[in-house]
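The same chain A turns up in both complexes below, where it pairs with chain B and then with chain C.
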Partner chain A sequence: MSTKPDRSTKPEAAPAQPAATGRPDGDTSTPLLKLDELKTYFPLRGTFLDRLIGRESGWIKAVDGVSLDVKRGEVVGIVGESGSGKSTLGRTLLGLAPATSGAVTFDSRNVAALKEPQLRQLRLRMQLVFQDPHASLNPAMDLRTAIADPLKIHGITHDPDDLDRRVREVLEVVGLSPPERFLDNYPGELSGGQKQRAVLARALILNPDLLVLDEPVSMLDMSVRAKILSLLGRLKDELGLTYVYITHDLATAKFFCDRIAIMYLGRVVETGPPSAIYDDPKHPYTKALLRAIPDPDPSRHVPRDLPRGEVPDAVNPPLGCAFHPRCSMAYGPCGWEGRDLRELLERRWTRIPEEQYERERAVIGELARIDMPASRVEVPAGKGYQGGDVVELLETVRADAPNDPFWHGVHAIQAEDGHARVDFNTPHDPVLKQQGRVQVACHLWDPELAPRDGPAAASGGDGRDRAQQ
Partner chain B sequence: MTTANRNASGNGDGEPILSVRDLRVWYGTAKGAAQAVDRVSLDIAPGEAVGLVGESGCGKSTLGRALMGLTPQSAAHDGKIIYRGQDVLAMTRRQRHALRGPEIGLIFQEPMTRLNPLMRIDDHFDETVRAHEPGLSRAEIKRRSLETLGHVGIPPTRFHQYPHEFSGGMRQRIMIALALVLKPKLLIADEPTTSLDVLVEAQILRLLKDLQTEFGTALLMITHNLGIVAEACDRMAVMYAGRVAEDGEVGSVFANPGHPYTRELLRSTISLSTKQLSHIPGSPPNLVTPPDGCRFHPRCPDAMQVCAQKVPVATHPRPGQRVYCWRHGPDDRIPDGGEQPLQQEFDHVDEA
Partner chain C sequence: MAAPDDSRVPRRPGLLGRQFRRVSGPIKESRGLPRVVLWIGTAITGMWVLVAIFAPWIAPYGYAQYQTAAGERFPKHLPPNMDHLLGTTVQSTDVFSRIIWGARTEVEVVILAVLFSLAIGLPVGLISGFKGGWLDRVLVLIMDALFAFPYLLLAIVIAFLLSDVLASGVLTAAIAISVVYVPQYFRVVRNHTISVREEPFVEAARAMGARPRWIVTKYVFANVVQSVPVVATLNAADSILTLAGLGFLGYGIQPTQGAEWGYDLQRAIADAGAGIWWTGLFPGIAIVSLVTGLTLLGEGLNDVLNPLLRPRRTEPVKFPDKQDDGAETGRTQPEQRGKS
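The block that comes next holds the complex of A and B.
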């Protein structure tokens, strides 16, 4: 499959049903862990007042349909910004957060279908290591007690000699040696790196097959980071472990992982081997992330085209592609809507003099009326203004920045009674499709939706240069 | 004046806006005095961006706060901090207060703790501007506030909202706008992007850069991240255990790190081009009983006998680069046999 010529020149030549659900590498060995369309939604608890006035309460779609295979001995990286759902994904696959739908298969067994005793057995084989080593150790417990604790909780052994032997062994394994020197230490007496080793020891004492490492080095100093990552790499080989490595740091992920999944607002937007993702990123979000990393080499600076704004709220994600409001490549089908119009106006208003802002602001009525996930909005006229005035203002805004990707999404603007009606193009939800050695969820790479000049052409230049549809 | 004229870092162009001379700050602790800043001398030129780096606990924040006269009650200090000809440490409390804001601005790491949750954004600006320029009209304050907020990408439509209605990145940008609305000549930013995502971090770094070029604001950027220094700073100072180990132009320090600590710090940084992990053995010392001589000597791969005995003096291996390391001499200050390598007995227990 990967030998297929670049389809960018002839998008139609691509198979009608690309490997959205197929396995990219054709490997026949069963994965140790398999996630199928996993979803984790948290109920949004509105206040009593919200419910009284019937305000939408809705769901936080923390994980919104993630499929992933993790082979034995592999390190799979889950990479994304804050709030993209990485930790929730990790907690869900361990059964620590309830899945809303979808399936987790561990060692060929469907985790959801298991009953208590087997489930407990299985859980022992998957352990979690948290982000914050300071918070994950009880400050009132010495290491001897803290590290033996899981053995007692799970009823594996209560024999003091056995416990002592196992604790010493695992301390050696994580490099806290000689163990005597650490057995009676309290977490407060350890450095950040030593604490993270202790946390690791507590997870390893149960002899797991899989470790979910949730930002294991993010809170540590650079030079300590390198030590802990080396240790993790060594332990993986020595103990035959498999890792799910959760991080927001693309640099450590590149170095550490065999495969990477880039997440944005609960979904995987691009996945593949690091060599493919870092050398030739396909999703505009992946590209943006890679461009944003400060390069510790002052001689190599490139000008950047940074996406604007921040990760939107997971409660009401943008229509279509969730990245579209920040994407410089976004075009017609990407999901333009009312909230984008509000943002466009506000962006303009940060750049013009106060008097002009006051003038323009007066033409439009309540902004809340366009601030919604809808492909058709009625932009209300301000007091003393008509729908025609609003249209005129919008046309001025367009004339001032005709190349803003927003305008690719506008189908029609019409004056109506007391408002201007804006119709946007139909939003399309991108799905993961095979593209060379990666899978990517972006319309630019979808033969049916890609702009006529093809994805390669589009990704080569600046999106804003493309002719309007 | 004479002190201010002597440029500690050898960067000779123009009068520095800030000169630090032999600054020391101690914290009283149960085990004794912790020398968090120990004889630091440093200059910042007008409009210049200086990065301050070093491992956790090296005294970066203590130094940054001391520059504004913000040392805690429990701390003692001595030395000189000359801001545009005046000694900050010799000022009265009122004088020092007047300095904060219009002259020297400070951006803290945690935005939420610095914004009052009960005050709208417009009130924050009103209060800040009024405190320093009581004569300004309401309309003028609003105009200036909106203009500054516009620079950081916060639209005028959000001017009357409360802090909790903004995301973490937006709050950090509001904090920056609050520091900038008074047009300070020097901005001290203590890890301004540590809690933010890479994309927002990159936006904020660009913003700080733009402000520097547009208004000529000088910047002291405290950070763990060498990438940020490479990206956003003109000069850098590397701190180790309360002392400056090296400072100089960013390009030359990265290309030719003079101090073994700088070199090892650069080597241990994990970047997209990292092929092999490297780390500095051991960890920074406690500051109550720091090692004699060069404080880095127990971890230094290049250490010599003299390093364990005598505190290194400033050397200038390259123009504009200042290094405190005996490897650069001066030879006449090294006692006989001092060049012999130091036997390092590594306690690998401290390896974490």
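The block that comes next holds the complex of A and C.
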């Protein structure tokens, strides 16, 4: 509450704000925002019966153990595919989604543990800009009311003249000038870029320290994107803001961020300065993302070894490294399991002639029995077949594609009564480890796990060969 | 910095004014059939409202008056003539006067009933939809239970229960009717609130630090209230029928308290067999015309206000005409279109 008198004079003092803050976290050495093993799980709505008897039907692990520091004045980019949990991470930062465990320390207070009334106080200093500027403005409110609303919510001022003056100022700051032209407009009467500027104005009128930008430009067209991003960059310097920039767009992240964290399935797989990540990506997922950036030169046809398949199910993420089923460089310790075997078989069966498929399919019994996250599965034999037949089939499959990374993870295949037992290597969870200028969570870079031939050889290994076929 | 007088702004319309503009804009823009329907509905409804307001000046006699000021009793069952434009009833009352006074009763009851149902249905629906959870479940259950009753039966029970408590027949009837229609407002408002609650701008308001009450009043309400005028008008039409039904069955406005069309119809049943048509026909026409007017008004509003039904009007592009001078183009345009 003690900051309030200070705030009432702030708009004028805004450009000098970094110097003016006498807060204990004013220096750049201690992070403004610190995430510590943050987890956000959402309960899965099960079937009617599950709900009736109160059985828990699982959790969607949207954010699964993220640790990250954001220093004052820094722009930290959080990059990932859809479904990687980056937006949930942003919402958890602000306390809009409840954290399951871990801590979000903002200004020496744990946001994750605060109750709603205390959070409301904290929201004076941390604001969110949404992806869709149209949907995040109330269609029944003109800009004057919408932008002044945060001031009224926090009781900073109710004086109409003061409100009017501040709204005009902040509209000028975000480049909606002259303000008279926009004050009485409804959001429906503005263009996308103007709406996003209005959303920014609404976020900035409280003079926050931290702005979480959740894909702020992805709904805007290209020409407007650059303008909004350069506006954001200018505002950061002028108002001393700190940004968490959530995006799926590596190109803007490179241009905009001081540091980037690449997220995959709720975890950070690689983090470091953009220059290091773009020049020498370490994690196979980062490499794949960078390869996926469209190439403006149509004559150059670069083999894009894009990850196969989709982002896996966040309810039952793959064992070990979550990226291993899609990774061309995966090997022994990455966490191979029963579901990968099923996928391997199904992938094979879509390629072979139909009669061969019929023959092979008959050897194996119910596929659902191997479709589980376990390091040891029993592959049931089909009607009239024995465990030995299954082993034989699996060996044929291996002989046909010995380079598939899957086989690095198979420890042993044994025939048993009525089924074949497949033992996989023990899965290891990758953790972020310093590697040059970046931190990367990948077994290829973990000296303790001793990759097949060392990372250098692995990066030029079978993944490339396959891509060039 | 700007001079202080620069920041002075002309008085802006308040929330109600802006809501009115949001509603009146599409009405002004409406074209074609919806516009015709809307204006016919408005004209009929407006006429009855005027009749209700000016009833004492329009009606030649009182609603229960059966004799002249001099004490001379009106004849029974007099066919329409110059003294009694629409004839007289078995009780020697003037049919025309009863219809005029009846309009006043109907309009009073309907306005009160709509206000009561709005006053209950709107806030309860907002809270139920916004809060969700068990409160929502319980309220939906109660409202669905009310909805499941035959509406006339429910109105009769309420009117019967209240008749001893409240002296005013108009108030009793209004409350009985509003109980019948609260579930409709509740349903519409609650469902709309649930869909608005999930909009990003509501989460944005939370992210700004707004309290739930602030979010409901400033962000949800204005987006939900737009569906209310349509429901209110259509319900008003329906409640005329309910009121007439109550009166017909004898549970509505008592004959000593005011004229009521449903009651008149009930009294006219016996006349119909004897070839006395005017006592039944004219109250019937009155009911049908007011209900039709309100229904047309509601349907017209729905067509005009509902963005899903409203056709986007496109302005024809006017090209400068090469043969004519620039100043003339605007006027010659219609002809040009007619020829091509």
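Rule of thumb we're sticking to: the second predicted complex is superposed on the first by the 407 of 469 C-alpha atoms of A that agree within 3 Å, B and C clash if a C-alpha of one lies under 4 Å from a C-alpha of the other, contacts with A are read in each partner's own complex, and residues count from 1 in each chain.
By our rule, a residue touches a chain if its C-beta (ideal position, glycine included) is under 8 Å from a C-beta of that chain, and two chains touch if they have at least 3 such contacts.
In this text the structure is predicted, and so the values were computed from the model without any measurement.
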First (chain B), second (chain C), both or neither touched by A:181: first
Chain B versus chain C as contact partner of A:292, first or second or both or neither: first
Which superposed partner A:150 touches (first chain B, second chain C, both, neither): second
Winner by number of chain A residues touched, once chain B and chain C are compared: B
Touched partner set for A:367, first chain B, second chain C, both or neither: first
Touching partner for A:120 - first (chain B), second (chain C), both, neither: second
Touched partner set for A:307, first chain B, second chain C, both or neither: first
Residue ranges of chain B in contact with chain A within the complex: 55-56, 142-143, 146-147, 149-151, 153-158, 167-170, 197-203, 205-206, 224-232, 250-251, 254-255, 264-266, 268-274, 277-280, 283, 348-349, 351-352
Contacting residues of chain C [partner chain A, same complex]: 2, 7-9, 12, 18-19, 22, 199-201, 203-211, 214, 218-219, 222-223
Chain A residues touching chain B - in the complex, by the definition given at the top: 81-82, 175-178, 181, 190-194, 196-197, 221-227, 229-230, 248-252, 254-255, 278, 288-299, 301, 304, 306-308, 310-311, 326, 346-347, 349-351, 354, 357, 361, 367
Contacting residues of chain A [partner chain C, same complex]: 94, 96, 119-121, 123-124, 127-128, 130, 132, 135-142, 144, 149-150, 153-154, 161, 164-165, 168, 183-184, 199, 202, 206
